[in-house]
Every structure is written in C-alpha cells, then in structure tokens.
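This report concerns only the one structure given below.
Order of writing sets the labels: A, B, C and D. Residues in every chain begin at 1.
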Amino acid sequence: MQINKIKKDMTEILSDVFDGATIMVGGFGEAGSPIELLHGLIDNGAKDLTIIANNSGNGRVGLGALIGQRQVKKVICSFARSAKGITFPELYNKGEIELEVVPQGTLAERIRAAGSGIPGFYTATGVGTPLAIGKEEKVFNGKKYILEEALKADFAFVKAETADRYGNLTYNKTARNFNPVMCMAAKTSLVQVKSILEPSEMNPEHVITPGIFVQKLIQVENPIIETNAIDEGVTYP
Amino acid sequence: MINLNTNDLIKGWDRNTIASKIADDLPHSSYVNLGIGMPELVSQYIKEDREIIYHSENGLLGMGPSPNENEIDLDLINAGKKPVTILPGGSFCHHADSFSMIRGGHIDYCVLGAMEISIKGDLANWSTGKGIPAVGGAMDLVAGAKNVFVMTQHLTKEGKPKLVQKCTLPLTGAGVVSRIYSDYAVLDITEDGFKVVQLNENITVEYLKSVTDGNIIH
Amino acid sequence: MINLNTNDLIKGWDRNTIASKIADDLPHSSYVNLGIGMPELVSQYIKEDREIIYHSENGLLGMGPSPNENEIDLDLINAGKKPVTILPGGSFCHHADSFSMIRGGHIDYCVLGAMEISIKGDLANWSTGKGIPAVGGAMDLVAGAKNVFVMTQHLTKEGKPKLVQKCTLPLTGAGVVSRIYSDYAVLDITEDGFKVVQLNENITVEYLKSVTDGNIIH
Amino acid sequence: MQINKIKKDMTEILSDVFDGATIMVGGFGEAGSPIELLHGLIDNGAKDLTIIANNSGNGRVGLGALIGQRQVKKVICSFARSAKGITFPELYNKGEIELEVVPQGTLAERIRAAGSGIPGFYTATGVGTPLAIGKEEKVFNGKKYILEEALKADFAFVKAETADRYGNLTYNKTARNFNPVMCMAAKTSLVQVKSILEPSEMNPEHVITPGIFVQKLIQVENPIIETNAIDEGVTYP
C-alpha cells in the first residue's frame, strides 16, 4: 500500500474539523492564503473557532468571509487592521469577536516552537511595552527578555504551489510566509495546492515543507485571487 | 514650548532631503529594513558607491523596486502588501527564518516612522491607544535590528513635539532608537539627551529647543 | 534471579524474529527512526501492505537502503555515518529542522537498543559511565518520539537482567519507553509493571520472572 | 560598488581569527566538514580555541588534525567517540582537552537560538538525566522541561556546494546538517564552497543559507574526501 494524502473533495478533507477548533490560517495578506479551504469551512459550518493568522481577513472572501459568517470567536494575529478589512472590524467594534495581538516575529516563532517541541522561549521583542504585561521576565547577560509560550493548533489551513502524494510542499515566492511553520505546529495540516507532482519529480533539495508535517492535500488548480475578487465585489457564500 | 501655532513654524527639510541623509548614513553592504510609508523613499537616494540589500519581513531578502504593471505578481509582495520585485542574489524564506534575521541582530539598520520618541530612545509608533490594536513587525524590528533609525516630522500635525521627555502613547520598544532624522535636525540618542548631529540650515539651536520636549545637546 | 549461568539460558527469538515483530507493529504511513545497529534490521521486515518513511536525524527524511558500491556518495549518509540512499518523496533539511521533527513529536516511532530499562520506562543506553561520554541524538529521540520501542536481548552478556526496578547507569530519558521487544517477550511499560504482550513459545512466565528484575504482569 | 564576499586565499579569509576564539565547525562526520578551512587554521596557528561541532574529528585531517596540533582547549559536541577518532581521545585521556557533551538536537537548537536572537528555550530533552544537572527546570502543562541557553560563536567554518558573491549558499544532500544554523549563530561565517555561480544563476526559492548569514567565501573546487584521506594515511600538516 502506498502513502497517499490526496483527498478528493472539500467535504472529505474537512471531515474532521470540529466546533471550537483552533485553526492556523497561512498567508500574509493574500499571498499564500488558503481561500478555497476557508470557503470549504464555511460550507462545513464548524463554529466557535479560534483563528491564528497574521491578518484578520479582507472583504468578504476567505478569512473575511468566515468571520462574516460568525464562525470565529477569537482571532490571534499581528495585524487586524487591514485596508480592506470589513467583517472583523464590524464584529470587533460590537464586541462580538475576541482579539489577541502578537508581534509578527513572536507569532511566527511561537508557532515554530510548538512544531519543534519547545514549550517556551525568551525574546526581547515587546519588553517594556503593553504586550509584555503579565509575561515572565528573565535577564540573560544583563539584558531583559520575556517568556513566550508555544502556540499550537488542531488544524493548519495552508496554500502551496506544488505537492506530491507524501505531502512534500513547495511555495511560490512570498506566498511561503507562515505556511511552513503552521504545518509544523498543527495536529492536522490541510493543504490546498495548485499542482500535484509525482514524488520522483520533487527535488529533495528543494522541498520546503517535508511531508511529515502534512496530513491531507487537495488540489485547487486555479485559486481565487483575493484582490481581484474583492475589486469585483465577490462574496462567499 | 508646546502647541505652537503651525503657521509660525519654520519650514525644514522636505521628506526627500531627509531620505537622502539617511541613505548617506547606510554603509556599503548593509542589510536594511525600510518601514512602510515615508522610509521607503530612502532606497531612491543610495549613492552609486555602495550596494544595500533590502529585507522585507514577509520572507524576502534582496527586495527590488516596484514592478511594471505587466510584471505584477500578487505572490511577490512586501511587508506593506504591495507588489515588489526581487533582485539577483535575493532569496525567499519563511516567516520564522525571516524574523530570525531581525531578532538575531542580522539586520544592520531599520528605518521607521514615529509618533513619539523619548529622550531615552523609547519609541511609540504602533498605536494611538484607540481603534483596533495592530502591531505587525514593528516590535520585532526595534528590538532586533542593530541600529534603529527614525524618520519623522519634528512636530505632529497639531504642532506638538514628537521628541519628548517621556512617551505618552503605548511603546513599541524601550531604549531602542539610535538616531532620529527629522525635518529640523539629525539627532542621536545619548545618555545626556538628544544630541544634534546636523541642524537644518534655517533652524537655530534655540528654535530646536523650543520645539523639542527634552534636553538638546549641541 | 540475578547472575544466571549463561549456559543455562533458554534460547529466545533471534534478532531477525524480534525485528519482524517490531515491523508488524509499525502501522502504515508511520514516520520511523531506527537506531544504529540492531534496530536497522526492522526495515527488512515491513510487510507489503504498508509504507513506512524512515527518518535519519542528520537531515534526511525518506531514507532508502544501502547503495551499491558504485552509487556511494559520502555526502549522503545516515546517523551512523554510513552511506545510504534517498527514496522518491524524500527530502533533506538542516539539523535544527530535523530535530524539530523529533522534539516536536512528529516521529511516530523510534526503535533503540538498551543497556537497562526500568519498570517506570526509564532508559539507559548512552553511557556505561566509563570512557569518553558521547550522547548523539539518543536523548532527543527518547524525549521527542511519540512511541519509543526498545529492541534488546533480555539479559546482558554477563547474564544480568536488563529489565530492572531502577537503572544503575546514567539515564537517556526518564519514563520514556513504551514497549520492549526482547528475545524472550514483548512487554509494555504500565503503571503496575512490565506487562507481557507476547511470550516466546519456549518461555514460561515463571522463567520470564526469574530473568527480570521487576514486576511482571501476565 | 558591488558586494563581493569572495576572498582570494586562505590567508585572507582567515586573517581575523584570533587566539581564544570560539569556532563552530559544520559537518556531521565528514559530510559538510570544512577540511580545507581547518587546515588553513592550522597554518594560521590561532590557539586556545573552543570548537563547537557535532563530532571531535577523525584521523589526522581536518578537525582531527587541528586538535592534534593542540590548538583547541575545549570541544562542545554531541559525540566525541568517533570510530576513527585519534587525536581527541589521546588528549582527553591525558586530561589535556576539555569536553562539554550536548544532546545533538539541543546542540542544533541552541545554535539556531543564538542566530535567532533567542537567549534561552525550554526542552524535554535530557530531563532526568545527568545532562540536566545544574539546569533550571520549569513545568509547562504538567510536564517538566529544562532551560537551554543560546550557543554563539565568533566564527563559523562551513562547507557548501554552491555560492554566489552575496554569500547565498546551497548544500549537497546530508552535507547540509549543522552548516546553515552555524552560519546564523556566528559573528563571522567563513565558507568554503565547491562552485561559485553568478547571482542570477541562484534560484531564490532554492537558497538554503541567505547571504545575510555569510561574511566571507573561498572557493575550494576539489575538497579532500576525509574517508579516502584517512584510508590513505594522509595527515596535516
């Protein structure tokens, strides 16, 4: 029997997502954002979700749409004030969605830490700022640092460029961003990918996310381009 | 000293002149992160005698200028989410690796805007204390870069000093700023106060003191 | 019970039989790290109904069998520093990433040799307490892998039990072992003691108890 | 003026190495081991060195040779008991060289931490073993971890496969090993590389070590193959 992580449709790949799950969503702005998986999650209907992402969604597509459907109770992100954000500000200003702000580098490192079996690490980022309040301090070589804890998730939703059936992934340019560390930090990583190659076509020197960090794949050959979709007034569902 | 009538203000350097002063202070072979907005101008004033490598915290080292309309790739963007290009010798990496470059002290200079800078080098530039809080990579940059340059107007739009004894806004970092480039002067953060490195030709030290809420050393 | 005359010992399973028992317990699609030496045998007994992916901690996922003489590449080696191959679907990574796979709990099974295993699952397998201390990746593997299988002779060469109440040698990890595959039995570590999963056909429970320094549950 | 990190010879690339320096040496066994740089260091003569590496050298080439020249006062490594080790055991058994043993994954992560501005992190590796003695403990979610501190160096000696003048590097197969994280953790990384490409020939998706982590390069087109050298009885100098 051969390992084959490719699923046939959105229903299958999303079958075990549950109410109250914590989900990491890859992407920095729209680059690397798994819009079709997020739309699948709207159809799936899971609610009371905690979303870990860099941003909080644009317009009414992808993460913006999911939040608009009120499936999200909390967002953990570095930047929830996107130029084209609609749904998050709406709910936030009404007090109907929670927000935890994390510096971008600390967010990335907390996610990597979870994937690397490191429950906590020290960083100078945020020392002396409001985001250090309540965090343990420790001095190394005369300089003050704060303790940051690993940030893990039940699922990662990730967008990649190429994959093989083992789940080895490559990304396109800056669409790489948070995707590789999120694959590491989630119990189950769900990946939408533009093209699927034979394992022998993947150069082992060029794999960015090794298949060990990926559980399920689905091919989305022509993903939505968020900027264009928003400009055209596309909404989901 | 505070709350000057903005009509009375002396006109200082324009933003292009400030950018060129910063550009002149970035040595050959530096790795530099330019903040979104005004600091992006700096790259236009780098002299021919040096090569600077630009880092964008979303996983791009060796960032080039904006693309032509027909070269736009929405998978190739900068930290401000605008389309950019990559130069030969550039590379892509994931977010944790990109912030290793920042946090690990590998970025020689970052240039950022400011709302307030204290006499101790504290910087406030991420939050007015109102609206949806959003920090992005600012805290990581000021804590990690070897040198933090601030590019700013000397006064707020309301005519209040941005260089202050103590910041009133939420901090981005404490004691992190190395040098301030304003329209009135270039100033270093020192133990004794804001130290004038260069003064705008239309400005007197007296005037600078009158628009700064903190000790000026000349 | 201790220090049996080795001539009196009953012959148990040979190492190939032990390896095949371990192979049968590795489920389809598992990520597995096989320790240097005896555990390497396991890969030869994987049944056709499953695919296993082998991790070598020096940055190789998808390790294949030894190369032919003319295919040897000294840049493609395993954790034992012997030439190996890489299978389609394999990948290379650096050491920190490779140990993220281990420490982060992504390796489903590791199979290691042992000098002593305590009733609490403590493992000693890196140091006799003499000579130059050298730990390699053993401590990372036992702390990080989801399941730690031990493949071992039930007794030392001197006829002493390796399964003990308390380890006397320096530990590799405390409470880390899940299951022991010896020539006499397959045993799980449980709160109440070593629990027999399978007993060698030539061995009685009484005999097993006589060669084990710790409670046996059957 | 263009950035160009390529140096013309060993004397130039090693010019600022000093007595008492801490030097990370890449490689796992012989794969990725910068033998020519180490031989250059023997010629350079710097002494009282602390070496951070996975192993402690084989035969009388590379690290084995450097140790044999008594230029090293201390080795920090995971495995100092190589099959073909001669010089380290000789000095160690006479008490003439110090040894600090670090678990292999902890070694890699401590090095990465130094390169990533993380002064300390927690790990379960080593808990309850002799290598945890004297280390701070902390409990996260009911499980015990120990604090490990960043491990930095004055220099990294690294071997790569291809480079461009900016210091972008790729490696060959498992010769990658510790080299990328050591480039991150050293003040000055010195790299010997088989071939030098034009920057435009380096694919930005395939760079493993970005040039920001590399300070000096030297081309060594046909590096010594340690196994063969030892079998042939080669020694240095």
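Definition applied: contacts are C-beta pairs under 8 Å (C-beta built on N, C-alpha and C of every residue); 3 or more make two chains touch, one makes a residue touch a chain.
Predicted, not measured: the structure shown is a model, and the values here were computed from it.
**Q** Which chains sit in contact with both members of the pair subunit A and subunit B?
**A** Under the touch definition, subunit A and subunit B have D as mutual neighbours.
**Q** Tell me which of C-D and A-C has more C-beta pairs in contact.
**A** Looking at C-D and A-C side by side, C-D shows more C-beta contacts.
**Q** I'd like the Å distance between the centres of subunit C and subunit D, where a centre is the mean of that chain's Cα atoms.
**A** Measuring from centre to centre gives 30 Å for this pair.
**Q** So, what's the distance in Å between the C-alpha centres of subunit C and subunit A?
**A** 36
**Q** If you average the Cα atoms of subunit B and of subunit C to get two centres, how far apart are those centres in Å?
**A** About 56 Å, centre to centre.
**Q** Can you list the residues of subunit C that touch 2 or more other chains?
**A** Residues 86, 92-93, 96, 99, 102-103, 143-144 of subunit C each touch two or more of the other chains.
**Q** Going by the touch rule set out above, which residues of subunit A reach two or more other chains?
**A** Touching at least two other chains: 109, 112, 116-118, 123-124, 171, 173, 204-205.
**Q** Which two-chain combinations touch?
**A** A-B, A-C, A-D, B-D, C-D
**Q** Can you check the complex and tell me which residues of subunit D touch subunit B?
**A** 1-3, 112, 114-118, 164-166, 168, 184, 198-200, 202, 204-205, 207, 210-213
**Q** Name, in rising order, each residue of subunit C that touches subunit A in their complex.
**A** 28-29, 31, 48-51, 53, 55, 61-62, 86, 88-93, 96, 99-107, 143-144
**Q** Under the stated contact criterion, what part of subunit C meets subunit D in this complex?
**A** Against subunit D, subunit C makes touches at 56-60, 73-78, 81, 86, 92-96, 98-99, 102-103, 122, 127, 131-140, 143-144, 170-175.
**Q** Going by the contact rule at the top, pick out the subunit A residues touching subunit D in the complex.
**A** 109, 113, 116-124, 138, 140-141, 143, 145, 149, 170-171, 173, 204-206
**Q** For the complex, which residues does subunit A have touching subunit B?
**A** 28-32, 54, 78-81, 83, 88-89, 92, 99, 101-109, 111-112, 123-131, 171-181, 208, 225-227
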